[in-house]
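Dropping the structures in below, format is structure tokens.
After this come two complexes, each holding chain A, first together with chain B and then together with chain C.
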Partner chain A sequence: MNSARILFSKPWIWSFAATVIVWVVTVLFTGGASSLGLSQAALTFAAFSVIVGIGQMFVITLGPGNIDLSVPATMTLSGTLALKLMDVQDSMIVVGLLVSILLGFAIGIGNYVLIKLLRIPPIIATLSMSFIIQSTAIWTNRGLRIKPPEVLANFTTSSLFGIPNIAIVALILSGIAWVLLEKTIYGRWISAIGQSTFAARMTGIPVDGTRLVTYILCAILASICGYLLASFSGGAALNMGSEYLLMSIAVVVIGGTAVAGGNSNIPGIWGASLFMFLVVSMLNTYGFGAGFRLILTGIIIIAVILVAGGRRANR
Partner chain B sequence: MKISSGTIRLIIPAASLALLLAAVFYMQPRAMSYTGLNLLFNLAVPIALATVAQMLIMAVNDLDLSMGTFVSFCACVAATFLQSSPAIGVLILLGAIAAYAAIGVVIHIRELPSIVVTLGMSFVWGGLAVLILPSPGGEAPGWTRWLMTSRPPFVPMAIVASVVIAVVTHFLIMRSSVGVLIRGVGGNVRSVERAGWSVIRIRAGTYALAGFFAVLSGIALVGLTTSADANIALRYTLLSIAGVILGGGEFVGGKVSPIGAVIGALTLTLAGSFLSFMRISPDWQIGAQGAILIVVLALRLFLNRLEKREKSR
Partner chain C sequence: MPGVCRTTNDVSRMNDVTARPEVVAARGIKVTFGAVKALDGADLVIHAGECVGLVGHNGAGKSTIVNVINGGLTPHAGDISYGGNVGQHGISAARANGVRCVFQELSLCPNLIVNENARIMHAELAGWNWRAKALALVERQLREIFPGHGIDCDSTVDDLSIAERQMVEIAISFAGLHDRPKLVILDEPTSSLDAGLAAQLMAYIRRFVGEGGSVLLISHILGEILSTSDRIVVMKDGRVVADRPASEFSTRTLVEAMGNVVREKEWLRSSDKRGGTAALSMPARRGHGLPFEAHRGEMIGLAGLGGHGQTEMLLDLYLSRNGNWWPARKGEIAFVAGDRSLNGTFPLWSILNNLSIASLGNLSSRSIVDQGRETSLGDGWKKRIEIRTPDMENRILSLSGGNQQKVLFARALATTAGIVLMDDPMRGVDVGTKQEVYEILRSEAANGRTFIWYSTEMDEIRLCDRVYVFREGSIVAELVGNEITEQNVLAASFSGGEAA
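The block that comes next holds the complex of A and B.
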């Protein structure tokens, strides 16, 4: 009884509960035939949302107004650049990964320089930045679709003991993020800044340094995600990141991270990512058209927020 | 001479618009004509209306991420129902405005983050738009077409419309008691509540008003493009937020400026034309738009600093 109450006081429990319900409903329709395939697909696609979602969560934790809109553009540019550089050679895989991480690093610095030096609100700063990144991606891409190196393509599309490799990568990254958030001074700092930037500054927390690192972290995670997504889908496309803008914000908030900042949680991101994918596939299974599918997705998102919500939030 | 801070807030966006306009005229003197101006600012009218709608939401410290899909939805309704059976069309649009009011109430009562609720609503509006117009099509009602393409003497329609929007919303938001209440909720909810006003009603009203302006934006857009599709205005979400900020508005505290918002929308529209006159390769058009946004905001910071130095002297 007591343990149940503790469980239900966790903000992430709702997204997992919703995920299980949607999974059961979908599998019921198909008579249990597709349960393994569905779970594997859900884990794979959720993994991409998880990777960008973690970065976005760190940024949102910094407090009201902090958000990174350059995530989709960063993913696109990173996927495009990395594939072009690797040029189907297996020996270049590591170099490609390093380059995309470096790219994320540079974009993160660029974002924060705009926010800090020009005192632009993060939404506008990262939006302007994303325009520039998107243009660079268009310029590098030139309509060519370069295939990923074979070893990398195989790695991203296969699985280990039934768990997709991508999901394992996302799990490792979440593990690192969890340690960062819960066990290091950095994690305490970003929560403190999110709860009250003024108080954090007064206690001597290096606010600017922490925020810089957070924006860099978010951009690097987006880059890695773009690298993996491009390899997974057999080539980079200019619009490959676009759906991840809303997705990265949605999974953070449905997962129970406070939008007002200062309170984040990583398990919730997994629940929310699985949930978002499963909702769409459930509606697909039941044969709804595109219009109804969108409407129901929206209503379900709002319903989850209504059930899980009611926490204190500024926005 | 004393200048109020509100006026200074306006000078900077107005100056950046003038600068951009001067640059366009310098590069393409033929733009300095009736037709030229009309072409330059034509698409600004729906963007300005959407920006005003976004500004209202931002005045009560919220943010509307469904603006683009909602305007697309309204455009689809305008190009179908409003054209074929006006009564049903008007009813649907009134229903949409009522839905906006309801969203405002729900966000307030359950203390939900507006970003997420409007994010969810953006799926709903997008879905409805796809249901109404699965493929691009429809036809603009005759009267919107007439209104948007009419040619008043001396000053092009786009400019007349922008001025009318700016003046009307200025009186509504900055001069009327309703406007004070709206900005009051953004500035200090508790004091508005203590003064005996119903915050729920104010927020519902603000959202409804924002919905109304967004509906107008959709109708104006269809008047210009003559047909609609479900994705016609998706970029309005980000454009409207950028327009409010460019115009001197802020995310929190009820600090907004309707005239500034309209100017911000005009600046963003002009930036697009400016780039095509510069003969920048299409690859870099979006990027240059981002760069212009950054330059304008840097200019604003510079002028703000200058102003502060003057004050401290």
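The block that comes next holds the complex of A and C.
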């Protein structure tokens, strides 16, 4: 096996290559002064995208039509509820996390109940669920901005040996997800379902059970992410999840996971998350406005899908 | 094959034919896929007004040479000419020279209506009223080939059974608005058709050839090759090993030319295994007909005309014993798909992953798959069922159709399931492999496994201990032991309730 073939067989290499290029360009522009700060910021913000991205990746792996659009609302509600419950008390940190996870669990079940019992396509089911969740968040929050407990706030904003704690958490979660995907029966099952649901059913895979677990997993990861993000940014805001709708899907696609399902890729999510953050900060450094940044983000996603699609067709 | 008249003087007809103009000539064709030599200097010449039978093992290169002739593949060496003209190649060149192809993997668009599919093949169906023209064209052709077919040409292809799809595709290929096709390539055209429809098709091929058209017929059913072709070409390992008039072959010599020794062992039916409680049972379907029952170690055939509820019954049997929400604790039932791309293969995966997916429970501890055990399971089955691949890590789609089917067999047999359901699984599998698989099935049945086998081939139905004959969705007859004959099965499939 020659090196070119290895390169082509590992689609996540591309997102990392792009990341390195953007990083170098940005650092060059600032004369090398910002390299450490930029790297740390990139790791921190990429970590949030990674956590939601992994959940979204599991769902997208289930095959065409499967997507969870309730991710941003779940993040918002989870952050809002957890901070309100913890009420700045350090002793409540674990309770807050557990409530977040429980919330994710409930939302996951709710999503799949809509999809299965009411036979609504996932894209509409999770969107309507998202409306309910977001309204609940507005109702509970009432414009109050509650600070996170101090220990938690310190934890989310500090680093260990120069690596942000948030990034370490995301790395551990990615490790678990990788084992789940590559080594366990569950991972085989979701990949099988993504390739052919009928064939999966006819090999004895409990298709509905597996899909339910996957939607729950996605919602729990979004909840955890919301909990961490609210603590990191010093309080929950009602729009804190909004940019993660596109982000969670974009990192999955750019990272080399097949949009049509059946094939997923965890290292790629890291590359893509870092890349997305660095592109934004590069455009910031060059002084482009928010509007232009968003346009470029959209173009990048389309370009990646185009290139990735072309590669697959050539095989 | 009934309904086909053989002229008495094949040899003189043969001599006639060679004098006629060439429709397609492929000479010295070489095609390689990576390290695999799919074609190694193969010659195939087809003249106007002849039916050429093409036989060979799975992976002998039949489908590859078809793809070279229809322009889908560019050969790495060798010449191809259409009507004597060299130098043009490609799908449009082949089509312009009147070459049409019915593929083994059906190639209609499932979301389109029948007449819309006809439009894809026939660009000349243009103008404001093309739908009506297309409908008339398809219906006329269907009536001509399959009189009394009963296909609703206004339905989407999705709603048609696999046999009906095949009929539609054949009809579309033979149809022509202005000019008829010169050469129609039929790759396993009868694999999903029952005996009656197959006979209608073979009779039509003779008429078509009689009117000056040419047909390249690929089939594993040697009877129809022998009765329908003027000339038979035998391929092996990417080369043509025999090319003689059909009259010089018999089933035995044909099988020998393909490199198999004919095994004329009669399947010894085991003694009646009924008695005690049934391993699997189901009440009469749709409220009429006979109930279904299977006992341990039995080989049960589901017969009758294609698409009369056999597959539905297999699916019901399977799904009723497999939870959709919770994994079954002990897999007691396994399924071998016949329509591979519908409910068989996982196209992105390797051969090994495709094989092991149904037995992951036994290959893992604490939900973690033991890759060492998985590999050894794969290697064991690769040897036992002779999957032709250098590496089990290769993608499943790198295998030929018959070898993919072997993987699906291995998938089901590798489980601990006591009951195996088979949905016409021998489609496109060559004679040699069939014999090997029959052998394995027999030894597995002797070990107490129950097989429930839907087949459209009478030879396979005859191997069963007991046969249920289906008609219009329910079981109309039960045949045991020596009652299982082609005559009885046909009688029951056409007459309904009173037989047996």
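Points worth noting:
The definition used in the following text is that the second predicted complex is superposed on the first by the 299 of 315 C-alpha atoms of A that agree within 3 Å, B and C clash if a C-alpha of one lies under 4 Å from a C-alpha of the other, contacts with A are read in each partner's own complex, and residues count from 1 in each chain.
Rule of thumb we're sticking to: a contact is a pair of C-beta atoms (placed from the backbone, for glycine too) under 8 Å apart; a residue touches a chain by one contact, two chains touch by 3 or more.
The structure displayed is predicted, hence computed values, not measured ones.
Using the contact criterion defined above for the overlaid structures, shared-chain residue A:W139 touches chain B, although it does not reach chain C. In the superposition on chain A, contact is made by A:I299 with chain B only, not with chain C. In the superposition on chain A, contact is made by A:I120 with chain B only, not with chain C. Touched residues of chain A were counted for both chain B and chain C, and B has more of them. When the two structures are aligned on the shared chain, A:G204 is found in touch with chain C, with no touch to chain B. Contacts of A:R188 after superposition on the shared chain: chain C is touched, whereas chain B is not.
Annotation: chain A has no residue touching chain B in one complex and chain C in the other.
Residues 64-65, 69, 114, 118-121, 123-124, 127-136, 138-139, 246, 249-250, 253-254, 259-260, 289-299, 301-302, 305-306, 309-315 of chain A are the ones that touch chain B when the two sit in their complex. Residues 179, 183-186, 188, 191-192, 195-196, 198-209, 212, 258, 262-263 of chain A touch chain C in their complex. Across the complex, chain B meets chain A through its residues 61-63, 65, 106, 110-117, 119-131, 134, 238, 241-242, 245, 250-252, 283-291, 293-294, 297-298, 301. Chain C makes touch with chain A in their complex at residues 315, 318-319, 322-328, 331, 333-335, 337, 342-349, 353, 357-358, 360-361, 364, 367-369, 411.
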